[in-house]
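Both complexes below contain subunit A, partnered by subunit B and then by subunit C.
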Partner chain A sequence: MSKSDVVVIGNGFAGLMSALVSADQGKKVTLLSYGAGTFPLNSGVIDVLGYDDSGKAVANPAQAVGAVADEHPYKKIGTQALEESVKFFQDVVAAEGFPYVGSLNEQQWLITGVGTLKPSCLIPESMQGSKCFEASEIVLVGVKGLKDYYVDMVAENLAKELGNDKKYTVVTVDPHYKGARDLTTKDVASWMDTDAGYSDFVSQVKESAGAGKVIVVPQILGLKGNVVWKKIVAELGCPVVETTAMPPSVNGLRLRDVLLSALKKKGITVIENSKAEEAVIEGSKAVAVKAGGEVRLQTYNADKFIVATGGFYSGGITMRDFGEAKEVIFGLPIECDCVEERWVNKQLFSDKKQTFAKTGVRVDATLRGVNESGNVVLQNVYVAGRNLSGYDFCFEHSGNGVALASAYKAAKA
Partner chain B sequence: MVKDKATVVVVGGGATGVGILRDLSMRGIDALLIEKLDMVNGASSRYHGLLHSGARYAVRDQEAAKECIEENTILRRIGKSCVEAISGMFVQVEGDDPDFVDPWVKGCAESGIKTREMSKEEALRLEPNLSRKLVRAFEVPDGAIDGFRMSWQNVLSAARYGGRYKTYTELIKINVEGGAVKSITVRDNVTKEEYDIECEILVNAAGPWAGKVAQMAGLDCSVSPSKGTLIAFNQRISNRVVNRLRKPSNGDIFVPHGSITILGTSSITIPDPEDTSTSWDEVEELMKTGEGVFEHLRDYRILRVFAGSRPLYVPKGADGGRNASRGFVTLDHEKEDGLKGMMTICGGKFTTYRLMAEKFCDVLAPKLGNTAKCRTAEEDLVPAVSEADKKAARQYFPSYGVNLAATRLGTDKFPEVVKTLKENPETREVLCECENVTMAEVMRIAQEPTSHSVADVRRRTRLGMGTCQGNYCAIRSAAIANKLFKDKLEGCGDSLSDMKNFLQARWKGITPVMAGKTLREAEMTRGMYEVLFNVNGGRR
Partner chain C sequence: MELEERARDSADNCIACTSCVAVCPVTKANPDYRGPKLVGPAHNRMHFSDESDYEDSLKLCSNCKNCDITCPNGVSVATLNMLERAKYYKAHPEKHTQADQMLSHNFQMADMLKSIPFGRSCANLGMSIGEAMGMMGAMGIAPQRKSPRFATKYFRELYKEIKQPEGLTKEVLFFPGCFIDVNDPEVGVAFVKVMNANGYKVLMDDRFKCCGSPLVVGGYLDEARSHADSNVAVINEYAAKNIPVIACCTSCSLMLKAEYTELFAQEEMAQAAKNVYDAFEFLTILADQGELKKVQVSSDKKFIYHAPCHLRAQGMGMPAVDLLKEIGVNIDSADAGCCGMSGSYGFHKENYETSMKIGSELFDKINASGAHKVVCDCGTCREQIKHGTNAKTTHPIQVLAKAYEQ
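For the complex of A and B:
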């Protein structure tokens, strides 16, 4: 069994970025993958910090990140690593021909799949909801048979966000689908990737396009980067904006494809369908992880390990019973305030963070797990992404931002 | 102002009330049922859904056991579409009192309940998830029952005999003149209008609220609301009902329903029947006991925890809780308190709701000079949907959803929905994959006079009540409701609030079990609705 410099465990955004940054440092990298992380769920946009502790929208993410609480991962990562990571990411996606717009000094605004606005930091060109702010008419395009995109509801909520002095027009495109099942955005995006599908779509919305208007569409502009978006903007002669989408999100998959392509170019070894089950520890260092499928486990040796296995959703952190939270591979120390009065807010959507959501690995500024006295437990095991404790990414809208910056810092260490 | 009149007014839309409504209507007595909220919102839909064989009562209360087995047989016959005609098991595990078994077997035999002991091997083959610490196992004729649907079918059956019902109609005053009830004052909880209904006899069938109703007439009726907490799991843990073979206590019963299993129950005396809160301790107690029967219980995903209040009747001087009788009493307030025109029914359990209504109405009917015999055991609750209609439906429905929709909609509405599906392909969209609910069905149920809000439509159709806990259908139902029922149903017009309220209602049942795989589901729900859809709104 050959040995790598770095083994990255996890195939989500934090895992892929950890692998890319490590390889950029000249390291020999092996990535153990199992599942697709949250790409299909998060629409592939990089939220850095959307809302502060009181639930107020953050205008300048760089500034707000400097003011987070001590427990927050950003405090440990530091603003310098965050800034560098943003540049690194933008260079990677631009080199792959899928540029992201935005900076740490302002928010970008997305239109969500239900018509609300959402702040984010780095977004693909096709999702710039701010184009709607100045428009006099917004044309909302629905697709017949497309499930989970209700154009009337998007119109209702968008009008509440942007005001009624604009005109809102609804157009429904018929994809002439003859099958019996309901369509997803992925189905429609595949149709848009065909010449016939594209022409059919354009012919049905062309009349509604024009100067002063913005066309808002569900996340259907092809599965490959920004190819279809560029073409359709040129053809319709006005801005076209994609919303966020119910999983499986097309843009999440686009970003994933782009990053996997970059990984390949860097010569990173990706082991697919290989679930890391246990670690081999010697003294205060990990020497290997064992991973595999149902039949047998392979041993992967390395000098350094980056844990990017995610939180409760991805299974990197589990809690079989109240108070028994675990990091499943290395048994890293967990921060978990599991007290009945605080654990869950009675309100699902409230102006408070959820305590349970902050459960994760307790780390120091080097992003290594530390015990309660603050001493590093395993010298060569680093943590990135939702494995970390001390933040509620849903409340803050900070998921991919923490993932990116922590991946960068863990890989650089 | 008098706006309505009925010979008998029944207060309470739970199993007891609807059973009485049906019984009276079938005897030809003019009856009206009022319910302060939506139909069947209390314990009749908040229990484990066990169709008792009676075996649970075989040692302590053989009269109850006999009633159960007789009613079990009747309900299997008249309520086919509400009953899962599975059997049940009583299992003894290591540590349980071995001396409990013989008196139990004897008690079952004396009560007419067939039991069959099976070998440990057979029991584990039939139910492989059972604990390896199993000692003895017996088969009994338990079943599973959908309390919500059966109650509604009683209402629909009563309606065919002229019985009437008003939901969201709350009793606020009982008007007595010359020692007799003359009328009641009610409030329409939708329009807030108050008005009087004249009646000859007022029936208090308010379950755990019966004490409060009695108070309105200045009477004392001691009902001790006893809270039962239950846990719903995301799978069929067993194919049969599984009971612990020991003295009845908390967390003894597992009842499979469709694709889920319900574990129950606790028994805590509470002052307020509206209190359906649950704590970690209650959950832990149920889990701990349940683990004795299914050792991997903590690895199964919990869907939600919920609670209902049993209406236990406590004769003066007795204590409540698990020792209170599961039997029922009929109180004729003319005899007991000298107040004419009012009767109370109290206590009981779902399995015997029909018998309770029969015995109660046998006392009530003669007061009105009616000598008709009870016929509720003779006739099915609802006629079965025809095979021809189901066959036609299979062209448009996901085929395994046909039976689900047919039993929900019944003979009158099912063909109408199929017609809509045929004529309008867009209504074929499946809004809820878990429960197989199409847009056409939602549209039809929204037209019902009892559908005042989106929540009412959801309960009737089961839209969003399935195993995804509303993750996927919250957005769909909010969008559809706002498109189709704007200005018609309460709660429409603001899709974001509707979506949030819906998920919040589910959240209540999730918070006490926020551990294990439930955490995973919660992180996904929040990822979708907070991060992706930002339902709290944008430029705060």
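For the complex of A and C:
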């Protein structure tokens, strides 16, 4: 394997974006991937900051990001890199024909799969819940046999959120499904990708559509970017909005496919099923990582490495014995308040961040790992995404935002 | 000796994230299949004592390994499926069909035909007649397909006629595998040429048996185990002499490198695996050491590459594409997922429709590419591609051998 300029380890959102930004800098990039990243779980929407440190809802993410604590990754990344990263991302997906709406100055609103509203920052056009605000009638579409989507409950909850001065109508579409298993949103989306499925669906909802109305559907509008959404909006003559979904999320898969397509166009080499196991270090620099299948490891040489292995949740950081948290490839320093009484805040949905969630690699403003005295340990190894310490993505709703901004900064460095 | 870490215990790592369900090509194509999470890890954990307790749709899994490639938690999903399937057939041997029997034991047929004068020509003629008369369908084999023909000389015979250059000091042992041996021996011939050009003498060992992949998929696990044991013994014998074993078929190499150990958890198997290489994996190592014969191709003929799932599962990227690109071949990967064939899977009549549906994305890409030939390391993938498109196919080692000739 010939030497790369940059080796990116990890194929979640942070890894794919690190690879794209690096390639955009004219670098020869190899990406080591294992598993599918969190895409199928996170609906492919980009939260930047939903709640501040005190648990208050954030209306303007850009402002709130400026006020985070010193330990927070956003503080190290800085608002300029965050802004540039958002633009970079929006340009990439738009060039792939799958534009994301939103900006750092306001929140977008998503309708969840149970009918509540939830803020996010960058979302695909098909998921703009705000379209409902002006409508006089909301038509909620269920699908016969679809698992985990209870259209009556969605209608009931949405009415609570949006008020009873609107009319709520429920329509159930029959996909004429004859299989032996429960339908998933992905199955229905595949059906919508066929001409026959699409026409069948349209014929069943057309009557309920029209001016002044908004159609709310589960995440079923095809697997290929926004192709089906564009077609159906034009055909029904009113906005159509998808909810978020249970895993595997169709929109998460769409975003992953779109980013992988961009990677291919940039000539980035993706090595599948290739878990990085160890690093080759010379002095204060890494020269290679060894990765591969069960039998033998391949050596991937590079000038620079970006570690986007997803922290505790995805195996980038492990803790065999309590208090012994470890970044598995380079042994980068971990910042962790490893005191048993403070580790877990027993109230899972409490108003405090979880200590375990904040555990991660201690980095400086260049996103390189630093020891306790603040000195960089490996000159050419950068850290991105959920590997970083000092934030609880779940509490503050910042998961993909931190992933994006840190990936951008790490790749630009 | 039994290994401590056993793939069959990996079901406990499953966190039910459904990533495997999202990528399983059979789940997508066939609504009757309940998908990897349910029939593999979940079923394995529920399945306590009764051997007849069975999830019906388990027989629809093709062992293509896309679930394993996608699982973030190291669950050997496909192997769990195969172990469950084997348990079922152990309890219900009568459920094996004639097609299972035939498609899993092609190696027996091949050996038998070799021992009969004109056996192969007659068998090929028989197949043509059988296909024309619609007999394949009656046997449970997809009537739409043309069965691969037996070569008039198997590779094991051709090998004996090849004059390898004198004085080659380095040696490798070739594991031809059934398809190359009996259906496509020219791949083996090309392999010998390439290795000779790089200073290696190619050895053969008649004790090698079918790697057992079709037996595993057919649910004949005990037979597969006996094949594994004898192959592993041979491989370890050569390991002791520092002679690596190389396969050109990626399903064979996956079997020898990973699946034996996953299925049977024996230390000797894990040991043998270390001495087995895919051909282009081995050539890439030579290239990294600066020992690969240098050649530059000037033709601008365009090739499209299909990466077999069983190569992708090996976690080493696409060494054939990288190497061919390096020497100037105009080649690009189709990146269109599974071809749908999965060894003998697509030959079963009841899997035909699923198999062709899965392959449709690849067929479309190939048809749209305008490529001169499709390059692919797997014999049955190449059969599927020929069936689903009008394209010509070749093994990457043949492309390299040709480059060496110029």
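Please note the rule applied: the second predicted complex is superposed on the first by the 412 of 413 C-alpha atoms of A that agree within 3 Å, B and C clash if a C-alpha of one lies under 4 Å from a C-alpha of the other, contacts with A are read in each partner's own complex, and residues count from 1 in each chain.
The rule is short, and it goes like this: a contact is a pair of C-beta atoms (placed from the backbone, for glycine too) under 8 Å apart; a residue touches a chain by one contact, two chains touch by 3 or more.
Remember, it's a predicted structure, so these values are computed and weren't measured experimentally.
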Overlay done on subunit A, so just call it for subunit B and subunit C: clash or fit. fit
Pick one for A:247: touches subunit B only (first), subunit C only (second), both, or neither. both
Let me test your reading of the model: by the given contact rule, A:174 touches which partner, first (subunit B), second (subunit C), both or neither? neither
For A:41, select first, second, both or neither according to whether it touches subunit B, subunit C, the two together, or no partner. both
Classify the contacts of A:315 with the two partner chains as first (subunit B alone), second (subunit C alone), both, or neither. both
Please indicate which partner A:275 is in contact with in the superposed arrangement: first for subunit B, second for subunit C, both, or neither. second
Between the C-alpha centres of subunit B and subunit C, what angle is found at the C-alpha centre of subunit A, to the nearest 10 degrees? 80
In the superposed arrangement, does A:184 touch subunit B (first), subunit C (second), both or neither? second
Determine, under the contact definition given at the top, whether A:364 touches first (subunit B), second (subunit C), both, or neither. neither
Check whether A:152 is in contact with subunit B, with subunit C, with both or with neither, and answer first, second, both or neither. first
Three-chain overlay, closest Cα atoms of subunit B and subunit C, distance in Å: 5
Which parts of subunit A are touched by subunit B and by subunit C alike? 41, 247, 315
Hey, which residues of subunit A end up touching subunit C in the complex? 1-2, 34-37, 40-41, 177-181, 184, 186-187, 190, 247-248, 253, 264, 269-275, 291-296, 298-299, 314-315
Partner subunit B, residues of subunit A touching it in the complex: 38, 41-43, 47, 51, 55-57, 109, 112-114, 116-119, 144, 147-148, 150, 152-153, 156-157, 161, 182, 244-247, 249, 311-313, 315, 318-322, 340, 343-344, 346-349, 354, 356-357, 393-395, 397, 399
Could you pull out which subunit C residues touch subunit A in their complex? 17-19, 21-23, 28, 30-35, 38, 56-57, 68-73, 257-258, 261, 273-274, 276, 284, 288, 312-317, 322, 326, 335
Interface with subunit A, subunit B side, in the complex: residues 279-280, 284, 298-299, 426, 429-430, 472, 475-476, 478-480, 482-483, 495-496, 499-500, 503-504, 507-508, 511, 514-516, 519-520, 522-540
